[in-house]
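Structures given as structure tokens follow.
Two complexes are shown next, each including chain A; its partner changes from chain B in the first to chain C in the second.
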Partner chain A sequence: MTSLVPHLVNGLTLGLLFALIALGFTLIVGVMEVINLAHGSLFTLGAYLALSTIGAGWFAGTPFGIWWLELPMASRYFIGLALGPVLAGIAGMLLELCLRPTYGKAPLYGLLLTFGAAIVVEEAIRLIWGTGERNMPVPQMISGAFLMGGLIFSTYKFYAAGFAIVAILMVWLFLERTPYGAIIKAGAHDSEMVRALGYDLARLRLIVFGFGSALAGIAGMVMAPIWGLRPHLGIDVVIPAFLIIVIGGVGSFWGAVAAAILVGMATGITGAYAPAWSLMSMYILLIAIVGFRARGLLGRRSALEN
Partner chain B sequence: MAQSKISRRRLLTSAAGAAGGMAFMGPWTHTRVHAQGAAKPIKIGITSDASGQYANSGAEDRRGMMMAIAEANAKGGVLGRKIETFHLDTETTPATGSRVAERMITREGCGFLVGAIHSGVANAISQVAQKYGVIYINTNSSAPSEAGQNCHRVKFVFDANGTNFAKAAVQASIEKFGKKWVLLTNDYVWGHSTAAATKALLKQFGGEMVEEILVPQGTRDFSSQLLKIQQLKPGAVAAAIGGDDQKAMRQQIAQLGMGDKTAWINNQQDWPDVYGLPLDNLFGVFGTTWYYNLDLPGVAEFVQRYKVMFPDTSIKVPGNVFYNGYWSVRELLGAIERAGSTNNIKVIKALEGHKMSARDRMQHHDAWIDPVTHQMQQSIYLATANVGTKDSDDMFKILGSTSPQEAMDTDAAGACKLESYESTPTFDA
Partner chain C sequence: MITLSDIPARGGTPFTLPMGLFAAVLATAPFWLQWVGLYQYLGVEIAIWILFAMGFNLLFGYTGLHSFGHGAYLGIGAYGFGLFQKSVEVSLWGGLLAAILAATVAGAIVGAFLSHRRGIYYALLTIGFGQVFWFTAMKLHWLTGGEDGLLNIPRPDLVIGSWRISLNDNTAFYWFVAVITAVAVLLMWRVVNAPVGRILQAIRQNETRARFVGYDVWRWKWLAFTVSAAFAGLAGGLFAMAQQSAYPDVMSLHQSGVIVMMVLVGGGLVSFWGPVLGVVLYFIARDVLGGLTEAWLLWYGLIFVIMVMVRPEGLAGLLHTTAQRTAPPAAVPATKPEAV
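Now for the complex of A and B:
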């Protein structure tokens, strides 16, 4: 029987990466009650935009492009980490503007619109960047592998897990410790009251959607060196993200984080000991948790519950 | 007599109008009027994936078919008939493959079906094709089962399969890397049947399977599996992982630097799955049926034709998937010419046992279509990464070739039970 410890460590890092993936999705669902099926495509778009930023993209061959490529890889990578998601956030804002006519109507309208947007974004990626596999370069300092307990682990994966922890804490601090975060949370609880207090609800939603999309873009860039980069990468993201927010409880930030870690552990451990069940494990977890606690781990109690 | 509300003139006019309109009522394919003197086109249904795990390979597969069709049409078509195509995305999903095949035959009037990378999709399409008697050319799926227990009288398999590649690789690898092997297997028909072939060869040549790790399709994180492999410490790992799963796996193995710490025997390596990746992602030994840089007559000119026809594609040189797509259609059209007919039984008989010279095929050995299993028997090449190359396209270093006789899947003949000609529905395109 092989040792369990490395697989627990691996599961934990996986879980943190799943939490990063679900972060933006959770924010938009929690605040706006919109299930953004374009989350995966925005995830992918953020990665491609970051890739173009690192590689000089549309400025390749120009004097600026030549100068840019002479910069250290690390500098270009971290600028890409900032710029790619910002551009994905702007794309998210454009999507939110398209979503406005669906507010107040049956949720199906919003769902269909974001589904259509997902297809449009994916096809746009194909047209702009082509259909082939791309490789996201990473700086030397966070690439390679290291030995732990006699086994090889990926340096980049641990960097990505650490980044996920920082991102989760920063989003939480923003929501809990800043005035704007308080407004966003208030909007989630009672949007009409927020409007009555004189806050521009439309602007609030626009910023939240943009923020959530930017988080999707950041996750895309961070995950691309692990999962590879191709136009249809988003499909691998939406379903786990949706599962995680349901397991964690719709609207619960820490519920989503806890759920992501559980999903990561389940996937990691089954991957080692029952690999045929590794992808199924997250669905079994969903049934097990929601079957006993319909609101998920930390979701709000419904008025219908005793 | 009371005056009729409908006059005789109006009645006759209406009847004439209805009769004229009947000529244009569906199904359209049966009532289309062709220009005087023009023969009805031969319609080929292209059943290739445009989405899902094998989207990239599906696109390359289709390009191969389109080049063969363009060349045929430039010569006036086949039997004086132009070739038309109709494509639907099979989504790398067997259920979609069935629906697509059904629609192509019953609604779109396709006389032949060509395509498939995913073996489950190929199996689904071939069952529909057999039901109607429509010839189906399985271009690029490589599960041994497709020319074995899933064979059909109407189906022809143009790719080599997991057994062929395993036969070319396993014995030599046991001698070089040791007897303890771990199998890493994609959990669907191609992975299972490829792994079964590898297991049989391990047993035959004195190897031992320590563990088989099943990897569900759609797996993107291989960290658990790679940790497990490190813990098991095998001499070699036989990986039967395809499409996007394989791209993710290669990336993660390269990150860990495990590419040269473990002997990887990768079965078949499809060109679209690795083109453009860094060379350190292309570790281990793997198989292919053709390479664009083979020093053989006709190869350079074939590559040039590809570049001229597809100047904007991201894959700048063709690989095995394109090659199989091209040859599938070229041989199908050639069989129609030899048969002098599009009658399915005549074309099937023209394909069965058909021989092709090594020179024509741009391979090292003559090839033929096995009449018992309907699989193309062809050269198998083993390759590794072309480390040190300055040409970013020249990723493979060909280690050697195995003849089709040596690589032949001898178990397939026993497993394959082709339907009789009599029980296969007659179909004429």
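Now for the complex of A and C:
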């Protein structure tokens, strides 16, 4: 059994990271009923922007850039961790403005528009940062590896999993314990009523989309050191994200988290026996669950079904 | 917004203006392609993708079932053709039959899973299945050759009686592909204008109502998916001949999304001929924009995004409204059937 332990730990950390990726996605699906296929591209964009922040980016060579690069790595890293997601959030807000003509039409149009946007963002990344694979630097204190019970674990993965737990709890607290979270949830439940109560629905959607995209950017920044950074990373990311949403049930917060951990564990355990096929397990899981229970684990009825 | 159902029933006579135009362009392409600065192989590619896109539109536009994993069936057709040449015998018709059969079987199985679903769940499951096929093609090295795919697939000669025509030359191959595409398009025209086509459109407009009228909706949805997978398989077989290889890249979500983009940009949601416009525009954009800039997909993606925003009915819808606007008001009802 001991040989299975690292795979289970790996599966659990992977599951938490999947949950982090799916967090912004589920928020947008839940409130706006838009399947945001550009989620993965915003994820990648956030990571690239953070990368440029850490490496001085366009200011390299200027006095400001030189001064910037003399700062300690850790502080540059954490500023990147803040700035990348904020910029990704702004990109997400722009996307929301483009989405406005599709509201009230079949959900297909939102799906198509975000697919087009995903291609645009991906190509723009290719144009700006080049096609090659890039490495995200990590500060000393969270890199390296440590021994536990005779097994080697990567410190960074633990940091990332811990970060995921904190982020999940923060988002949950925001949704459950703040007035703004209540409005967002009400918007997901009955947008007409929210409008009737005098809230600005357009602004609510803009903020939710921006917030969801910023979460994608954070996930990108955290995942980049593990998965590497390449322009077409988006498609590898958006697929697990939506699989998780569908398995967990569209619009269900804890359903998504549970599904993410389920998918992570399934991937981890398959990885123990058939590493080449480990990614396949999530598709099998999707078909097995959705084939028999259309709304996923904890889903409720939504407009997307029609 | 206009829809496909604005096309009136007319007993399925294929002798309409767009059909004539389509046939004329298809039949004369080799004579002027080089003259306008393009090349023969592009004609082959466009004809194959027209076949694929129109088969896809039976499902997407007519039945209103949004598949985002259709590249998988094109890929399965390509592998079916290639494996038949490699492990059974080198035969043109055998290979194409194997391609159609493989894709039909795959489509029938997947369709059985899908047909209870509707809306976005349908789309999501098609993505899931598409990814399963793509992933399997990547990983089953002994069968599919992994990421590189099957290489050096022969293009068998076309044998009619005592005639033996080599298809290795792209012009000869173009004629072969064009004839198959034309026959398939005629077949599809028959299908959508027959009562079957009306049932499929009824399902798109309102599935519940179609069920109440007494149609076995599950069976028709399954049939639409299977038939459309069969056409994809045929296109895949031709694609394997064209490329002389079969590889998993065409099965990826990206490629499956691109076919949706082509159909939508062309106006597959409003016109039988929409996919043709979409495919031609895509390949011209790829070659013309691609010659100007590395990032042609960026511009194509932007055009697509703007199109979804302002004119989701696509090019065909644009032509339709322009025709309506320029025609004298009294003539509108009369010209409407002919417009798209």
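Keep in mind that, in the parts below, the second predicted complex is superposed on the first by the 296 of 306 C-alpha atoms of A that agree within 3 Å, B and C clash if a C-alpha of one lies under 4 Å from a C-alpha of the other, contacts with A are read in each partner's own complex, and residues count from 1 in each chain.
What we mean here is this: contacts are C-beta pairs under 8 Å (C-beta built on N, C-alpha and C of every residue); 3 or more make two chains touch, one makes a residue touch a chain.
Just so it is clear, the structure is predicted and the values come from calculations on it, not from any experiment.
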Taking chain A as the common reference for superposition, should the pair chain B and chain C be classed as clashing or as fitting? clash
Going by the contact rule set out at the top, does A:Ala145 touch chain B (first), chain C (second), both, or neither? first
Classify the contacts of A:Glu70 with the two partner chains as first (chain B alone), second (chain C alone), both, or neither. neither
In the overlaid three-chain picture, which partner chain does A:Ala117 touch, first (chain B) or second (chain C), both, or neither? second
Have a look at where A:His7 lands relative to chain B and chain C in the superposition and call it first, second, both or neither. first
Is A:Ala276 in contact with chain B, with chain C, with both, or with neither (first, second, both, neither)? both
Classify the contacts of A:Pro101 with the two partner chains as first (chain B alone), second (chain C alone), both, or neither. second
Looking at the overlay, what does A:Arg134 touch: chain B (first), chain C (second), both, or neither? first
Contacts of chain A common to chain B and chain C in the A-superposed view 276, 279-280
The chain B residues in contact with chain A across the complex are 51-52, 55-56, 59, 187, 213-216, 218-221, 223-225, 227-228, 230-232, 244, 247-248, 251-252, 255-258, 261, 272-273, 275-278, 281, 314-315
Give every residue of chain A touching chain B within the complex, in rising order. 2-3, 6-7, 10-11, 13-14, 130-135, 143-145, 151-157, 225-228, 230, 232, 236, 267-272, 275-276, 278-280
In the complex with chain C, residue positions of chain A that touch it: 35, 37, 98, 101-102, 105, 107-109, 111-113, 115-117, 119-120, 123-124, 126-127, 235, 239, 242-243, 246, 276-277, 279-280, 283-284, 286-287, 290-291, 294, 304-306
Note which residues of chain C are touching chain A in the complex, please. 66, 68, 113, 116-121, 123-125, 127-129, 131-132, 135-136, 139, 252-254, 257, 260-261, 264, 294-295, 297-298, 300-302, 304-305, 308-310, 312
